[in-house]
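Shared chain: subunit A. Partners: subunit B in the first complex, subunit C in the second.
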Partner chain A sequence: MSAVTFDDQLASAATGPEGELLDTVRARRAQRRGSRVKPMRVLLHSFLVLMAVGWLIPIGTAIYNSFRDYQTDTQPNGPFAPPEMLTLDNYRAAWDVGEMSKTFGNTAFIVIPALFLTLLLAAIVAYVCTRYSWKFNIVFLVLFTAGNLMPQQVLFQPLFQFFKYMPWPDFISDTNTGNLLGTKVAVILIHVAFQIGFCTFVLSNFMKTIPKEISEAAAVDGAGVWRGFFQVILPLTRPALAALGTLEFTWLYNDFFWGAVMLNQGDERPITSSIAILNGQYGSDFNLVAAASTLIALPTLIVYLALQKQFISGLTLGASKG
Partner chain B sequence: MTKPTESSPKRRGAGLNRRDFMIGGGAALGGAALLAACGDDDGGTTATTTTAAPTTTADTGPGSTTLGSNFSGEVPKAALAAAVAATGVETTINTIDHNTYQDNFNTYIQQPDDVVSWFAGYRMRAFAGKGVLGDISDVWSGLSGMSDGFRSASTALDGKQYFVPFYFYPWAVHYRKSLFADMGYSIPTTWGEFKALCDTMEGDGVIPLCAANDGRWPQMGMFDMINLRVNGYDYHVSLMGGNESWESAEVKNVFSTWEEILPYYQPDANGRAWEDSAVALGDKSAGMFLIGTFLADQYPAGEEIFEDLDFFLFPEINAEHGQDAIEAPIDGFMMAASPENETGAKALLGGLGSAPAIDAFLDVNPSVVAANSNANTSGYNSLQQSSATAVGSAKQIAQFLDRDTDPDFAAQVVGTGIADFLTSPGSIDTILADIEAKKQTFTFE
Partner chain C sequence: MEATAASSVKPRRGARRRRSSTLTGRDRMWLWLMVGIPAFLHIALVWLPASLTVVLSFAEWDNLAPVSEISATGFRNYWIIFTIFETDLFGALFNNLVLVVWLTVCSAIGMLFAYLLDKNIRGTAIYQSIYYFPVVLSLAVVGFIWKSTMFSRDRGLLNAVWPGEPVDFVGDSTKLFSFDLPFLDPALGLSKNFAALLVAMAWRHIGYIMVMYLAGLKAVDASLREAAQIDGCNEWQSFRQVVFPSLRPINVIVVVITVIEALRAYDIIAALNEPRGTDVMGTLVTKSLLGEGSGRVGFGSAYGVVMLLLCLGFIIWYVANHYRESEL
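Right, the complex of A and B next:
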């Protein structure tokens, strides 16, 4: 891959004044390439192919079997056998039995506000901690970052009891349970609380790279704290917000735990926690589950494919300190 | 497929509304304003929780109630919806997948629906003792067709009833009639005959015994059956109640008896799902399978294998106990300690305990047997008839290892011990010592 890009660069540069030099470089490389033994390369590629196939087999098998009938085909003939008949029935049944239109809605209800609030609040904290000199700046950032290191599950019992005894008026809730327990609002709050640490960490590192002079110039022109945030810094942070938004979306979307333990009503749960209702007490129609899983994986796949650039830059966000 | 209760279309509509709403809502500004709007949206259109107070509905009927259901999976879900419809009580069904429901029951019961699905016997008593269930003795006084056995399985230590049985299903040795007929095998009734049959099958190139233990519960059934045959029902109850030592001669005897048939097992039982063993029984590569009658669900109803399936009782080992006991777990319903609509909840429980509800259920899901003796048995298939006969003629009915004792003790201690025994039967003494030591950390009822 890198060799190809380099060659391309050479080709495009060859028209320039250094063309002659490049010709000799290319000739030398061609010479070397002919005589080079490449067992390592062969080994590397067979390893990579093997790993790729190893990853694809389970996914491919699941997708393949989602188009077959379980009782009459997959169960007696095995998951790798040629199909007796291909059908979309599993998808139809999964959508109906899993009430997926409802649970996809639940996921949207949880993920969209949680994402919005997390990014907004994290950006505010990051803004204050990086643009204003305050003696607790470092302590504050350390506190937020340290929150990332705590396994979320250990807080389950305290949060559960707290939510149970926390009165919550129905008019700002999505269900009338009378307290926070069993409401999607509770799940949103948990997500915001747990994700804000990482987002603050990333956004503050990004904001540190924005020259201080910009804020100073805005202040000289009369911009207050809020204006400096919303109209100066926030627009400049857009690349980081886009990358972070993409990452956070997949994380929040994939959450299984909080949706399962905080929401007692099956049809209030997000798609990830609710889809297990396709399993019975003893037996499971694995092909039905495979069809549902394929449907559930689609949104994250679409987000990934559509926003690939942001996703990849998101992975290195905050990796270097500004 | 037509689905649940009257309220279902309403709920589905609410989901769409909310989703449409959220598309716009994502762009909305203030968080509180957003949530407030969502609250209105939801409260206006869903019927998730009943608001009918018993006092205002006394004249007009029981009002609407809620039912927490672990009847997940396509067929059970539809079957329960049919049963609830047959009771005539307006009910919102909250379906949660069976495993999560069971694992989360401790937290679920702190914010339950009015009526909740659960298991009879020890598991019910454990929660009745904690005061999270409502006394439904008055529902029982109105129930007809429930035997004394079911009544005692529904009664807690305080002598009150907290449970309404719905159906049960026995555990027995399943086989294919055609295999036995073709090969000239006969049904074994004693341990000697059973082992001789295993030898014959092995000679014929058939794996004698299906063996699966994925999830670490299927082989609990084998332990229970051998224990019931060797030591009897009373010992089973006592052992499960934590009153006997797991290092006793009786328990060791169970495992040494068990070891005699391990060579006839499908190899590597611990890694095999019971569904995979069902395939082996179906294609006749294996001969016998000790499992619950839910096995039949694995084969398409009305087709060759389904019609060819039958079972026999686990053979006698100790003449003193004969074939007296059978394992037949009972599933049913309970009421929350303080339901929002007690009248409605009790009306629903009474309805679910009577014949029309279970008839409607069995129409859709014919792999279990009605608890109520008034239920219509004319539509039973041959397996259901055998089940009813087997349980009816049993002198004692056990539930199942993980239902007759502390569920955590069963799953984490005994289940692990049994799995270890299957891989190394020789180290059974160490395994039992370990079980006995860990048992001390559990408080039995």
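Right, the complex of A and C next:
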């Protein structure tokens, strides 16, 4: 990936009058390098390979040993030994004791609406703030950006009380307390409120690069505020939304804190937050822990492997100033 | 193309008046709602609670009692956490400080990785994917993975590289090093289990920072480096004088990510059920707010405010940096 861009930059640098000079310099340097730099490259590659192996060891051994029995195999023979027998028992046990069919369901119930709402609302705010100049847009963007960096622990107690006094019909959640406290809806609301900050920041950076004339032309043709959003800007924002959606999916899926403190009872916890319970009860069977970790990590790893480009550009979108 | 903030004020005013005159009243109402509803949600669920925590830190309240029983106590909560719970507080602050230093080192390593991978080498995409993949895992899951094969006394792989007696890297809270302070009884120090968590966190943090810098390095003007090399800079000089300064926007973001991550660390510790010796501000706040002990809301909030104050400086610095030259 970097190779392509580097070449692109070389190509663009080589156009223009000073390009020819640069070309000769570069050619001369390449000649010199050809004889000298090779040992450095070998060193570099061995370092990188060594590091890569080190990076893969924790997850590699975890996955490998999740297919072995701890008591009879890993403990006496060691984590790298050839297996006496490969088994799926750890996975079955982890699935059952972690009540994963339920906790995965809880995660889906929280992540999907939260993701959709966050992206939609953030896109709307970014649209208004970048397309229509008005007094408060910078205030909002500053507020949103700063809010996203707030330590979550600081918000938690007032939110807890706040949800306790928010009436909420019981038939939507299964807490039977008549309020929002301990419901998944409360966690969705927190996620949306919190993540809007980062998403608005990123999307407004992106939308700034869309020429204003496009919106103005649409307005001249009689498109109102909403049509200008849904039919003009939103389609153009699709790449940023895809990247951001991928990133936000893993963040929401990976949320541990809110699921753990807001869904205290444990019954409604999403999968990531249920780790604490699992660890408390079955933490000494290390291969069961490995199987459970693998299961929990699997969705994000699949998303990463399938959508790596989106993922990385999502991260770096937030970093660029647009 | 980009006007500076100062010069763009006047023409923008005019533009606004012109454009808003083309907006119908209904459109304007929609615009207010489109920003108003998300903003309300954000302020009500982020900024309001944060301010209320500050208020609660000056109050005494058993959170099972009705709100009307909150009573003001001035700075008593702060006085108590700094004099009676001072071992908790300073222990946690010390761990957070260690984290800040450690993650800063990791960020530097991440930058090094990015720099090496940016050298147009073969297989760079594979290396990147490998270093990067831990970033998609929750720190809670990272802790869990490391617990399964790295930390245990019997078969943990960390013990393979640990020189001394085998150590249970989850439970062992004996200190690697410590130093005495005159006003603090148990000496401050880095416990073995916290050090092990640091290694696990590095596994995730380095890849994260690497990706940020890779993006930044691609944006560095190649002709600048050429010029530096033609002027006879060696590798280090051209990095120090040319590449690093032009990475400034990324540097700002990385500093903020690193410090904020270090200050609000919670997941990996809580996922392992908060072993002794690994307390940080995040777990301290949560513990005193979730615990049954009555009247702890005040203490928990006071801890929270300490944490907030530590973060606030960096948040302001970052936001100011981003929006100073930004034209909107």
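List of remarks:
As a working rule, the second predicted complex is superposed on the first by the 268 of 322 C-alpha atoms of A that agree within 3 Å, B and C clash if a C-alpha of one lies under 4 Å from a C-alpha of the other, contacts with A are read in each partner's own complex, and residues count from 1 in each chain.
Keep this in mind: a residue touches a chain if its C-beta (ideal position, glycine included) is under 8 Å from a C-beta of that chain, and two chains touch if they have at least 3 such contacts.
Note that the coordinates shown come from a computational prediction; the quantities given were computed from them, not determined experimentally.
After overlaying the two complexes on the shared chain, residue contacts for A:152 are found with subunit C alone; subunit B is out of touch. With both structures placed on the common chain, the touch criterion links A:91 to neither subunit B nor subunit C.
Of the two partner chains, subunit B and subunit C are each touched by A:283. By the touch criterion defined above, A:105 reaches subunit B but does not reach subunit C.
Touch criterion not met for A:206: it reaches neither subunit B nor subunit C. More subunit A residues lie in contact with C than with the other chain of the pair subunit B and subunit C.
In the superposition on chain A, A:140 contacts subunit C only, with no contact to subunit B. In the superposed pair of complexes, A:185 makes contact with subunit B only, with no contact to subunit C. Judged by the touch definition given at the top, the superposed model places A:48 against subunit C, while subunit B stays out of reach.
In the superposition on chain A, contact of A:297 is made with subunit C only, not with subunit B. Residues common to the contacts of subunit A with subunit B and with subunit C across the two structures: 75, 160, 260-261, 264, 273, 276, 279-280, 283. Every residue of subunit A that touches subunit B in the complex is listed here, in rising order: 71-72, 75-76, 93, 96-97, 99, 101-106, 108-109, 112-113, 116-117, 160, 164, 170-177, 181-182, 185, 260-261, 264-268, 273-274, 276-285, 288.
Residues 1-3, 5-6, 9-10, 13, 22, 25-26, 29, 41, 44-45, 47-48, 51-52, 55-59, 61-62, 65-66, 74-75, 78-79, 121-122, 124-125, 127-130, 132-134, 136-138, 140-147, 149-162, 189-190, 192-194, 196-197, 200, 204, 208, 219, 224-226, 250, 253-257, 260-261, 264, 272-273, 275-276, 279-280, 283, 286-287, 289-290, 292-293, 296-297, 300-301, 303-304, 308, 311-312, 315-316, 318-321 of subunit A are the ones touching subunit C in the complex.
For subunit B in complex with subunit A, the touching residues are 1, 3, 11-12, 14-16, 18-19, 22-23, 25-26, 31-32, 34-36, 38-40, 42-43, 48-49, 51, 68-77, 94-100, 104, 107-108, 110-113, 274-275, 278-279, 282-283, 292, 294, 297-300.
Those residues of subunit C that touch subunit A in the complex are listed here as 12, 15-16, 19-20, 22-24, 26-27, 30-31, 34-35, 37-39, 41-50, 52-53, 56, 63, 67, 113, 116-122, 124-134, 136-141, 144-150, 152, 154-155, 157, 200, 203, 207-208, 211-212, 214-219, 221-223, 226, 229-230, 249-250, 253, 256, 260, 263-264, 266-267, 270-273, 281-282, 285-286, 289-290, 297, 300-301, 304-305, 307-308, 311, 314-316, 318-319, 322-323, 326, 328.
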